[in-house]
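Listed next: structures, encoded as structure tokens.
Heads up, the next two complexes both have chain A, just with different partners, chain B and then chain C.
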Partner chain A sequence: MFGQLLSSLADGLLLGFVYGLAAMGLSLIWGVMTVINLAHGPVIALGMFTAYLLFTQAGVNPYLALFAVAALGLGLGLVIYGVAVHRVIDAPHLSTLLATFAVNMIIIGVGTAVFTTSPHNIDYSLGSLALGPITVPFTRVVAAFAALAATALLYLFLYFTRPGKAIRAVANNRMAAELMGISSTTMLALSFGLGTLLACVAGGLIATFFPFTILSGGPYELKSFVICVLGGLGNPLGALLGGLLLGGLEGLVPAFMPVSWVPVVEFGLFVLVLLLRPQGLLGAR
Partner chain B sequence: MRKVCCLAVMMALLGILGGVAGAAPAKTVVIGFTASQTGKLNVEAIRQINGLNLWIEQVNAAGGVKLPDGTVLKFQAKFYDDESKKERVQELYTKLINQDKADFLISPYSSGLADAAAVIAQQYNKILISAGAASDSTYKKGYTLIFQVYTPASRYLTGALDLLAKMDPAAKKLAIIHEKDKFSTDVVEALKKYAEAKGYQVVLHEGYEPGTTDFAPFINKIPPGTDAIMGGGHFADTSTFAKQLHEKGVKAKMVALLVAPPEPRFAELGEAAVGVIGPSQWEPLATTYNQETARKLNLPFVGPSVPEFTQAYQAKYKEVPSYHSAGGYVAGLLLGEAIKRAGSTDTAKVKEALDQMDLLTFYGRIKFDTGKEHGLQIGHEMIYTQWQKDAQGKLTNQLVWPEAFKTADVQPYRVK
Partner chain C sequence: MRPWSRPGFWLPLGAVFVWGLVVLLLREDTLRETTFTVMMFVGMASSLNILLGYTGYVSFGHIVFFGLGGYFGFYLLSQQGLWLLPAAVAGGLLSGLLAGLLGLAVLRLRGAYFALATIGINEAARAFVSNFGPFGGATGLFVNFQAYQAYGGAGAALWTTFIYLWLVTLAVLLVSALVQGSRFGLGLMAIREDEDAAMVMGVAAPRAKTIAFMLSAFFPGIIGTLYFFKNGNVEPGDAFQLHMSIEALVMIMLGGQGTVVGPALGAVVYQGLRGYLLTSPLFKSLHLAMAGIFLLLIVLFVPAGAVGWLRHRFPRLRKVLT
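Up next is the complex of A and B:
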């Protein structure tokens, strides 16, 4: 029983890092411009397909492909921001919700036409790591480390570079930042791009161990909402912690009850946190 | 006079005479169906329509089916993509019947979709040959026009348990992990009942949602010391399940999973495919379904032989046929045979012919229940395959059960 528990927990936690990474993208966008990006799921799926196409068409190693995935994610974010978000950024929340939802539908529609909804798979294996009762595929271990590395890079960028500091300034007080000569439009676009970059990279990592369709981003988008609420909306580090918490739960819950109860527990927790600690476990930023 | 006759025959062949003289010596029979060309069932579904299309092409090339009144029937397929979605199926079958004037229907692939189509077929008084759908429950609803080609779900995995008993009489612990859809649930319910009656202990019984990609939570729940793992669902999820069983280093004497293992594409899993057993409706290696066997059983043999079908399919589609392909072909074959025997395309007469049918084809024996569970397949038997490595280390899918079809001895999945 103990071995089983350990094994479940390891699986859950490793996956939790990737959940955290995906959620961080959503959290960052909310934190900087209070926009809920409903196109988050399809963007994750686009990350999966970019890695897939590079792997199958050009033979690029899926981990090297992540750099291209990141670049695409950034570009995609800038475009989405420019086309759909910028004009409604100061409008009520409903407008940005609808605008990003429209982007969501467009990506899914085009994606379904191009890739169909048949499952795709990156046929890539690194073998498995066996430690006592725990056996985990290496791809999941690498994904967890990659997620950690991406988090560290984001942190370094936000705290130690000029544009990073500018983003934080805009998040803090857009008007004051403008008065200091920071172009808030550029910074908002950049942070939206960073958010989608994180989502795409998370998608690319997930694609190395799970098969996917253009609709596969959906469940991760939902998980991202739960994670953001757990960790505190707008707090990237909280997102990582929330991801780990959710992953851990997903690992532990099935040990005690049928696996189909996992979403019930997850969303039960979501409601509980909203009721008892709406600012999240680490507090909003 | 002779000249006139010749001219008349020629014109009839060209189909010009039909409208002018009132008699209809040539007629096109429209076979309507939907196919999951996209969505999660596309691998199996495409093979099924490939099989059916091959039959249509062959029967038309051979001059069609001739009725006693001289009418020559040619067949034409009319189909739509159902995107593997139930709601699309009912809408499209209604359209096939009302707008496209389909004379006969073939089911879509998978039990859930076929069940949805069956209601419509029965309502509009159309015969539906159900290919690629094994669930038993469709035949408990009192339908009279639905005929099943596949061995029903309740007999899918029970044979694997017989094989396990032969392989290792000491094996007693069974874990069941299955997709929560109509077909897989029917299969494992019957399996569980059978296992418990045989004295097996079901140590885990869990269902997963269709579309699941992460099986780690289920695999982690398999208790140590489990002898056999059975279940799965359809191609996409079962392949992922098999892959993750391998990655997690699971040990068991037997792993028997639904639908995916008999598919040639399952070999793409490489090492993860080794040792996996799958129940199959039909295998190209099962050549014992032939004229000789038919004579012994005192049954008529209808249609091509196993090698003839396999070669024709390979020549057309450049791939080895799977049982899904054979199922699609046989659906057409049975329909053609029933029309021939009925001497008409009238629904009631063709139904009568299907009810009385008991014959052998390259695909196996075909006989339908005409009692309480009307249309249920009661003649056909399952075959069990296992992916094994040959002397060169190449993956091949061998037949391991029943004894009569055996091409190799069964090997344990992974015990060390």
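Up next is the complex of A and C:
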């Protein structure tokens, strides 16, 4: 019993890193421009399918494919920002919510027509890792490390490079940043691109161990909302901890009650945190 | 000026009244089915508009009240043997009550935080219902076919349901128009424009918001019960579809938020458009993408919706289109 609990917890925590990575994208976009990206889920799904196509059509190793997935994610984000978000960036929340949701519908619509909704999977295995009572698939360990590496890169980018600092300046005070000669439009577009990049990479990682359809991004989008609220909306590094928390919860809850209660606990916690500590468990920024 | 002395007050009510009457006179089953769907969305969009259009709070959880109220009404109807009308009203009351309780907590959040909370509530409600024993868990509930006999057979039962829905739709539009023209409605619109300023000017914002939330939640509960009774069964996946909330939002945007005619018009146009996209061979597989492009164009270029645009473009129409 105890061994089972431990391995279910390890499973959940490893998954939590990837959840955190996906949520980080959402959190970054919110933090910089207070836009909730409702196209987050389909973007994750596109990441899955890019990795899938590269693996099945070109035989690219799924982890090498992540670089291509990241490039695609960045480009996708720049396009979405330019087409759908830029015109309504200062409009009431309803406009940005609906604009990004429209993008969601477009991606899902085209994706359904191209890929259908039957499940796909990347047939790739690295064996599993056994540590005492814990046995976990090796792909999940690698995914957790990849998520950690991506987080570290994001941190280095935001704190130690000029464009990264500019993004933080725009997030802090757009007007003041513009007065200092920063082109806020470029920075907003870049941060939207980074947000979708993170989502795509998370999708590519998830694709290495779960089967998926074009609709699979939806649950991860919802989990990302929960994680962002746990970690504090607009705090990308908090998102990683929120992800771990959620992953751990998903690992632990099934030991005490039926698996189908997991969403009740998750979303109940979500609403509770929103009400009691809307700045997140860790506080924003 | 009393709201009912303007011609605009009577326009949507009269249109829906005549529309329902025509369907009742023609007595065609297919026409009734399509009208049922469209009217259901007119009711959903118009009731959501009370919160979204007048108060400016974006709710993705409108479907929760449709689902939970409908579930409760259907439970009373199928398990406790209650009649349709009291069951539907009970469903509506439960939704309203729930909105009151939720509102006390959630309406403290503003803007995007409120929108996020409503998404969370939607998911939590769905997950709760699929695990709740009396509501049949994941398989849901269904009504025994015998039960329709009490209404004079299945066919007659469907017509009765249609008449109730028609009356509910009229009631939603009436309430929406009354709210818009009242002092209470002006308070809501002040909250929409600037909540802090409204509170300084003496609008009791928390109470007004909660009442608006309850009003907008009451009708989906009734509509839900009627819809599930018509279908003969209810299951969690059917009752809590996030996309139905979104569709209601799209309808409101299409017609014009904050107006009485707008959401109703938006619902009719959207349903018509979707029917066309679903059946046309060219767009069949791409109808979702087409709807998305359409929505994007509206949001980007005509944010006030059709009615808002007309009111802006032709000031003389403002008397008629409220």
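Definition applied: the second predicted complex is superposed on the first by the 285 of 285 C-alpha atoms of A that agree within 3 Å, B and C clash if a C-alpha of one lies under 4 Å from a C-alpha of the other, contacts with A are read in each partner's own complex, and residues count from 1 in each chain.
Please note the rule applied: a residue touches a chain if its C-beta (ideal position, glycine included) is under 8 Å from a C-beta of that chain, and two chains touch if they have at least 3 such contacts.
Computed from a predicted structure; not experimentally measured.
In the superposition on chain A, contact of A:S118 is made with chain B only, not with chain C. Looking at the shared chain after the overlay, A:T135 reaches chain B, while chain C stays out of its contact range.
Judged by the touch definition given at the top, the superposed model places A:V103 against chain C, while chain B stays out of reach.
Legend: residue contacts after superposition of the two complexes on their common chain; A:V226 is shown touching chain C, with no touch to chain B.
With both structures placed on the common chain, the touch criterion links A:T34 to chain C but leaves chain B unconnected.
After overlaying the two complexes on the shared chain, residue contacts for A:A84 are found with chain C alone; chain B is out of touch.
When the two complexes are superposed, the chain touching more residues of chain A, out of chain B and chain C, is C. In the superposition on chain A, A:F267 makes contact with chain C only, while chain B stays out of contact range. Within the superposed three-chain model, A:L94 lies in touch with chain C and out of touch with chain B [touch as defined at top].
In the superposition on chain A, the residues of chain A contacted by chain B and by chain C overlap at 112, 258, 260, 262.
Put simply, chain C touches chain A in their complex at residues 52, 56, 58, 105-106, 108-109, 111-113, 115-117, 119-121, 123-124, 126-128, 130-131, 138, 246, 249-250, 253, 257, 285-293, 295-296, 299-300, 303. Within the complex formed with chain A, the chain B residues making contact are 37-40, 42-43, 83-84, 180, 206-209, 213-214, 216-218, 220-221, 223-224, 236, 239-240, 244, 247-249, 268.
Residues of chain A touching chain C in their complex: 30, 34, 36, 83-84, 87-88, 91-95, 97-99, 101-106, 108-110, 112-113, 222, 225-226, 229, 233, 258, 260-264, 266-268, 270-271, 274-275, 278. On the side of chain A, the complex with chain B involves touching residues 3-4, 7-8, 11-12, 15, 112, 116-119, 121, 123, 125, 128, 130, 135-137, 210-213, 216, 250-251, 254-255, 258-260, 262.
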